[in-house]
Every structure is written in C-alpha cells, then in structure tokens.
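Common to both upcoming complexes is subunit A, partnered first by subunit B, then by subunit C.
Let's look at the complex of A and B:
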C-alpha cells in the first residue's frame, strides 16, 4: 500500500490523452466482464431457479439456499472440506516452516533441494492424482510393494473412508508443502539480522530466539502464506476427481466435487449454482477476515 | 547448532519423499501390467516402450498435446497483452473516484475466488455461444482467467520502473507511445516473462474447465485427455502411468528450463 502513496500523476495529460487509460483498460475489463462477471450474475440468477434435466422450470427465490442448510449431503461436504483444508494447511505450514528454518543458512545442496521441490507444484494436478493412485492401489501400489518386500500383505487405502481421507491430505501436503517452504524461506532470508544477533549476544538460546524474535517478525508473511493456501485448498477439485471421485461413500467428497456432481451428473443446475455462490461467500468472508487480521498485525 | 550430517540427512529425506512417488510412476510406465500387479517389482526388469507407443497410436495423445499447446499459447499471449496494457493504465494514471485502485482490487478479488465457484455460469455462457468442445471456447475462458492475474502481476512490475525515465524520454521529444515502447517495455520484459511463465503452467495444467467445456479429442487438452483415459482403463496401470508421464513431461521440462523466474509467480507476487 505504501507504493500507492509515492505514485506520481505527472504524466497525466489532456484531450485524447485523458481517454488513454480507459482505452488501455478496455480489453481487460471487457473480457473480464463478459466471461467472468456476466456469467457470475447469470449464475446468481440461476441459483434462484428450479431446474429439471438442465432446464430452468420455475423461480423459487431463495429456496435453494435455504434447502442447502438442511441437506445432509451438503453439510457433510462442508464438514469434509473444512477438515481437509484445516488439516492440509496446518500440516503444510508446520512442515514448510520447519524446513525453511532448517535451510535458512546457506549450506551446499540447498539450491539442488529447492530445484527438486519445484516438481510437486508444477506437475499437472491430474497427474499428481495418478501418482498417488499408483502409490495407494492395493494390487499395484508402492505401499503394497514395500509391505510385501518386508513380508507383509497388500495395503488398502482408497477403499476405506478414513484412510482415503488421510491419503488425500497426504497428497495435498506432498504437492503444496514446497510452496509454503519457498514463501517462508524467502521471508526468513529477508528478516533483519541485527535483532537476532543482539538477542544471541544477550544469551538467548535457540527456542527463546525463535519464540521471541523470529516468529513475531515472520507473522505477516506467515499470514499471507496461510491465506493464499487456505483459499486455494478450498477450491481443490482435480486431485479428488481423479484420486477418489469423492468416495468411498462421501468420505472425500469436497464441496467442489459435490457441486460438480449436482450440476453435471444430476442436472440440478440451480441448486448447484446456489451451492457455489454459498461457497464463494464463505471463502470471501474468510479472506476478508484474514485481511483485516493482517492489517491489525501490521499496525502493531 | 545442528550437526552438518543431520542437515544432510534431512535434505536427503525430503528429496526422496519428493522423488520416490514420481519414480514409482515413471518406473511403472516402462513395465507391463503383469509385472506391475503380479510381480510387484521395485524397478522395471524388462523395460518396454509399448505403453507410450500405444497411447500415441490408439489414444489421441497427439491431439491432446496439440490442443493444449494451441490453447495455452493463444490465451496466455492475449491475457499478457490485455493485462499489460491495463496494468500500465492502473500503475501510471490516477483516475477519478479512485477508479484505478478499485479496478485493481476488484480484479484481485476475482482472482482470489476459486474458479470452481464460476464453473457453472461459465459453462452456461460458453454453451450459449455454441462454443462447447472447441478451441475458441477454451481460449476465451482461459484468457479471462489469466487476465486478472496478468493485471495484478504486471502492475507491480510497472510500479518498480521509475516514472522519471519515461518523463525524461517524453521531454526529449518522444511520444507517449515512443516512451512506452523504448523505455517501459524493455524494462518490464523480465516481469512479462515471469508473469507468462506462471500463466503458462497454470493454463497447461488446468483441468476443471476443460472437463466441462470439452467432450471429444477434437478439443480435449492434455490433463482432460489423461483423466478421461484413466476413467476408461481403470486397472490398466501401465497405460495410466505412461499417460501420467506424458501428461506432466512437457510442463516439467518447461518449468525446469525457466525455474529462476518461477517463484515470484507461484506466490502471486508475495515473494520477489
């Protein structure tokens, strides 16, 4: 935000020049309005209608929204999503932070590790799901192969509700801990060294140093990283679609999958639209709360 | 202080956790189904390329790759051009009613909401345009999704370029466009590279919209084709792993070749 204050408008002219910024903005705004905003409003309208076989039949006002909150399938999906997001983000933050602290001082090999850690983030999510199916499969999986090497039997993951859920969280942790690590490592490396040195001279040990100095200074960037990751995790779709398709039963059916099935399998477009609008509002509320919290932290 | 060997042990552990799953898929792609399910070997004992040749011969993988490349290239290019122009306007002009700031912020909000929220409306929109299962339908959608990101990223890059340089050029008799072309553009080029790299990776990997907007190999992209394939060949692990390897290979090669530009984009500019 401080950048906005130093902005200069010396370049602003008159006449045709005055219209220039609008002309420059026009293509972006037109595309966004036509392809994102207009459909969004259209979606809001669809969410107040009753659909059968993909055709709108009648207006039902806010009935779809009301119905959501007494629909056990929706409530279950919401629970699954929240548990998934919470467990994944917490694990990723803790692991990523620990690893970043570990690597904050240059030692040989860090560069190589950073390069390797890029892989999970850039591999197509659909393929990440394939990778994990190949790990979890009870007949061909890596876990089974390892277990058999040590004389054990086959390992079943995706057929059992709790294990499938844990398996999905493990996939997400594998895929996104590197992102947490990279953000937090950059944050650690940008911290001023003087306060830490001073505290060390005063005799503070490792843990003291961490709790009293490193952690407070890292709070803003931790918050940014957590917010980014949380919002992203809420929208997880590809990996679940390929790994479990929401099953077994409803054990891994995130909101995104439930909404997709509602719209494209059961053709209840209006109900699904209401679900996604609700989901968007929940995420926006979370994001706004987080931003407010961030500002408070920064103001301190 | 932690002992040096402990550090190397942890690094070794992390690297193997990242690489082992990938290794398992790559290894499986060179095995036969019999070797995968019955022998459960840890590495391919009799490596074969059959899985790959089969994918290209019978399963349209050439099509998927072509579709992905065309759709990704065109939409990222369009988004980058549109986005850079818009970002320049926001970064350099002060509009009435704080419009510049509001536009920047609303575009960011559009970016933050997970795309799944607008999946249905976008589907209905493309359906109405009669563009389901076509390159154009995907290009329109991806351009819009990328524009918000390009504006956001390019704005921060433009802001880092001192305005005095342009001013000096204009005082020296350059037109505004001349100043933009000769001063701003070269300085913003690294930013444009960083922005498009991330956009390319995200667009190439995109699956959800491709899932609802395409239905035949005519327009299916790589991730969409891969996912469809494994839906059909549920326990054909060999083809599935080969499809996974092929699906990810282009983008992993691309990412490695440009990795030093990658981190800033991945973190939405949070890390410079």
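Let's look at the complex of A and C:
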C-alpha cells in the first residue's frame, strides 16, 4: 500500500468515521441485548439454582440437568414431543409437497386455489385451537353432531390418550401444511424448466421426471422447509394449552407444556430453566445436523 | 424419404399471440435443415412442437411417416440440444450422458461402453465424474451434444446450441457439429437466428418470417435466388439493397435515371409488374460520378474491414451498401457513382414476391 493510502486510512479511522458504524448499530444492539441476550444469560444462570417457594435459594451447579435425564415425566414429555414433531412434520411435508406439485401447473382456477390453501396459516393459533376444540368436543362438537346425524353415538377425542394425540397432530397439520405448501411451491416455480424438458425429450415419463429430476433438484429447498418447520413444531405451545393442557394424563404433554407447568404451576423455576435450555440445545443440534447434511448433499 | 413433416401447423398462444401461421415444411432424411429467422418468427416454437413440448393449435406433425402430433415427447424418438444446454444439475456428467440409455433400459455394460465411446469422440472423457456446474460453457455444450448422440434417434433437434458461446468457440463448434452430423448421417433440425451458422452448416435452409415459411432451399439458392424481399434482405451481410424501380418504355427507371435493359431480359421484365429491384452489395461497383450509366450518390460512411471495405452511399434518399476492394477509400460526403449489371439484380413485385431472379451464371460473371 502506498503512503498516501495509509495516511488516508488513518485519517478515516481517527475521526468520527471510525466510530460511526458502531454508533449507528448501537441502538439495535442494545435492544437485542436487552430482550435476547440478557434473558438468555439469566435463564442459564437460573438453570443452576434450586428455587422452590418458601425455601432459600441454593446453588446446585448442573444438578438440575442431571436430574432431568432420570425424571420419567421429562423423558415422557420428550418422547411425546419427538413423536408429535415427527408425525406432524412428515405429514405436512408430504401433503404440502403434493399440493405444491398440483398447484405448480397452470390450469384454470389455480390462482384462486393457491389463495384458499394458505388461509389456515394466517389464522391465529389460539383461534385455531378453540375452533378445533369445538370440533372435537364430545358433547356438542362437530364430529359428534355428524356422527349423531348418521345414527352414531358421541365421538370422544380429547378424553382418550391416543385420540387426543392424533387430534393434536391433525390440528397442526391443518394449520401448518400451508407453510410447507408455500415454501415448496415457490421452490418448484424457481426450478429451471429446461432440464425437465430435456428429460421429457430424453424419454422420461411423469414418475421418472419426479424421482430423477424434480425431487433431487428440490432437495435443498425441502431440507430448509423441514428444518424450519421442525424447529417451530418443537416449540408448539398455544394450541396444546387451549386444546388439552397436556392431557389426558400425559398423552399430549409436550416439553413446552411440561416446562410451563414446572415453572408456573409447581414453581420450580430453576428446574424449568434447565429443561428449556436442554430443549434449546436439542433443537440447535437438530438444526446443525440438518444444515451439515444439506451441505453434504450439495457438495455431492 | 421425408424424415420430418410439418403439415399446416398453426400455433396460437393464450393471450392471442400467433407464433406459427400454417407452417408446412418437409425435412428430407439424413439432411441438416436450418430453421433461420429473426426473433419471434416462430422457429423455436416449431422446434418445440416437433419435440412435443408444445401442442400445435391445429395441423399435424409427422416423423418418419408416423403422425406424432398428440404423442408425448418420450414417444417421439428424438434427441434435443437446448440453448441453455439443460444438463441435469444434480447428476454427474457420466449420468447425464447415460440418462437416455438408462431410461431405455440398455444393459449396464453396453451403456457404459456407449457413454465412454461418445465421451471419447467428443474429447470429454476426463469430465465424466464431474458435475455440470464445474464445467465451462463450451464443455457443457459438448456434454449436451454427447447426451444427444449417445442414442440413435430419428432426428436431432438443436435450439440455438451455439448462441451462449463466445465468438471464437462458436466458430470452432460450428465446424465440429457440421462434421459430427455428416458422420452420423442423422436428420438434424437446427434452429438459429445467425445466418452464418445456417449458411455454413445446413444442407437446406428454411427461412422463416412472421410465423410463415418463406423459403426452403439449399444455402446458395437462398442467397442467389431469394423467394421474396424478406429472404433477400434477411440473408446476406450486409443485406441486399432494395431500390424502388419500374419498367417503362424498355428502360428500367431507378431514381429518375433510365437504365437500358439488356435485350434478353426485356420480355420477362416488361411483363412482371416490377416494383422494386434488389442488388447484393458485392454486385455494386463504385465508379466515378460522371461515368456512363452510373447513378450518382453521396458517400455516407466507409468501413474498412481488413479483407474488404463496406461503403454506404446515399442515392436519392436511400442508403445502399456496396462492397469495395480492401484499399478503397473515399471521404464522407464526397460524390461517387454506383453502377451494376441488370443481370445481377432481382426484381420484386408490389407484394414483395420475387418476379425475376438474377440471371444464372451468364455472361461469364462469377
């Protein structure tokens, strides 16, 4: 570098110019620190304390974390959460992809169809849950009403463990398939057309076109959509809270509900904090594994 | 025998754009046919209809005598090279080339041998394990060709395969594709807007304009005996000059000048209803302004090309191009004369159809 340039750099760094970027960033950084960083650190700190109403605060180190892995309630919640996330995300992906494939064709009325399909996503989750509660209610719910019209008895959904779980998955699928649909439709429409046309001329029929070309080319987009949806599904709270509060028994008690109960019902703040930190780490690990897998696929 | 036949094919797109108006075109077996025309003339649409990627609004398409109009692309036994190469981005080069064979369930060993033979003939063996995005434009081009010739299809379709290459590579590939197609002897339909490609590569040039086939003929004939004004002015660089002209009292009137018509052309010119005259730049001579029989004009621009010089001359408000020797020079604005042999000119009627062609190799010219 020439001398003149060095001098110019120094001049710029010496004055306000050097500090300006940091000054401009400062307000948003402060906000982020106040609402994200501080609670995070405070949560981590809380997770190492023992706190129960009426008892003195105690430092317990990593005991809360150790205790989690031998707590049958936590392990059950973890199982329920994993089953819930897996079934909901798989169903949403398959349905969303199928709908996206269907709607990516240019046929009459398809724009209207696309608009209709994304409506569930824009309804407030709590409202969705209340509506589903009305559908599932065993005394005067929609399902019971339909069953009675055809001479059947009342339909009990939320009172039985497996049915309640399926009902919860159905709600999530209804609400979040549109997001999958939207992401995958955008992905399909951004695929290059020529390789698909070349494959048709080369001799590929509908299924071969899908398996050999559409699916491999969609793989990165599918991966992103699945990761996003998985992270989101892990944190599902409001629908369960309104619909079943985790019951019957522990059949639908997701980690989020268990953590909420631990913190606010049983007042074990430290234990709940350790639970949520663990949950965050699990999600982080899942996301990182997915991203690594994605990179490997792309490099291949 | 006819390999490919378009029969009154019409294509209207939603929104009312008519890309093809009743195209009838016959491509003979084992010939290299270039569809040549300006953008929007319908040549790519014609190729896509032939491939089965578009359905014609009406008319029929036949391949080897078989009506394929309603068949899916995969049932037409064609191989196509796309302008963007259209390689499969997620497959290796080996799989790209093998794909058409794989779909036809060619046994593994045979498939492998064929892919390697084709790769060798196109000198791309060292690229087989790579992915398309690791290749340069020219290499991708070769792979697209390899994927087309790995089978023995009824015809090759090529949609402007060279237009994404740089000028140097384009020239090299032009020769290679020509040699390849001659060696394979497969009917080839080649879409291009570049007349140099059409003229140098094709056995037959199909000139298309506004959704209609204007002329189907060997390149020399398209150049020397254009069917109409459109073909005359589209083919040739610089294009053919067209001047208003009329025939009266045994003379050809051009910009108020009477030019004597040679006796042997008197009869055909007198009867033809001539409205315009077309003359190629190389048939125009630049002479002194006061030379006998010369039409005077003003030099508009002189463009030395190295091997020759293009001279544009304004004659009566019309700009004519002439090809002069490499050493020709004249000042812009200076007055020169232009002259030409009436035997070298062709004549169009008011609707633009060629009514009198240039005299063929007579009088010792050419």
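Convention: the second predicted complex is superposed on the first by the 283 of 300 C-alpha atoms of A that agree within 3 Å, B and C clash if a C-alpha of one lies under 4 Å from a C-alpha of the other, contacts with A are read in each partner's own complex, and residues count from 1 in each chain.
Assume a contact is a pair of C-beta atoms (placed from the backbone, for glycine too) under 8 Å apart; a residue touches a chain by one contact, two chains touch by 3 or more.
As the structure is a computational prediction, the values presented were derived from the model and not from experiment.
Clash-free side-by-side placement of subunit B and subunit C is the outcome of superposition onto subunit A. In the superposed model, A:149 makes contact with subunit B only, not with subunit C.
In the overlay built on the shared chain, the residue A:137 is in contact with subunit B alone; subunit C does not reach it. With the two structures brought together on chain A, the opening angle seen from the C-alpha centre of subunit A toward subunit B and subunit C is 90°, to the nearest 10.
Between subunit B and subunit C, B touches the greater number of residues of subunit A.
In the overlay built on the shared chain, the residue A:294 is in contact with neither subunit B nor subunit C. Touch criterion not met for A:286: it reaches neither subunit B nor subunit C. Legend: residue contacts after superposition of the two complexes on their common chain; A:263 is shown touching subunit B, with no touch to subunit C. Of all C-alpha pairs spanning subunit B and subunit C in the superposed arrangement, the closest lie 10 Å apart. Taken in their complex, subunit A has these residues touching subunit C: 192, 194-195, 197-205, 208, 212-213, 216-217, 219.
Residues of subunit B that touch subunit A in their complex: 2, 4, 7-8, 10-11, 14-15, 17-22, 24-25, 28, 36-37, 40-42, 81-83, 85-86, 88-95, 100-101, 103, 107, 109-110, 112-125, 140-141, 143-145, 147-148, 150-151, 159, 163, 166-167, 170, 176, 201, 204-205, 207-208, 211-212, 222-223, 226-227, 230, 235, 237, 240-241, 243-244, 247-248, 251-252, 255-256, 259, 262-263, 266-268, 270-272. On the side of subunit C, the complex with subunit A involves touching residues 51-53, 72-74, 76, 78-80, 82, 84-91, 99-100, 103-104, 147, 157. Contact residues on subunit A toward subunit B in their complex (touch as defined above): 3-4, 7-13, 17, 20-22, 24-25, 27-29, 31-32, 34-40, 42-43, 46, 99, 102-103, 107, 109-110, 112-113, 115-127, 130-135, 137, 139-140, 142, 144-145, 148-149, 174, 178-179, 182-183, 186-187, 221, 224-225, 228, 231-232, 234-235, 237-238, 241-242, 256, 259-260, 263-264, 269, 272-273, 276-277, 279-280, 283-284, 287.
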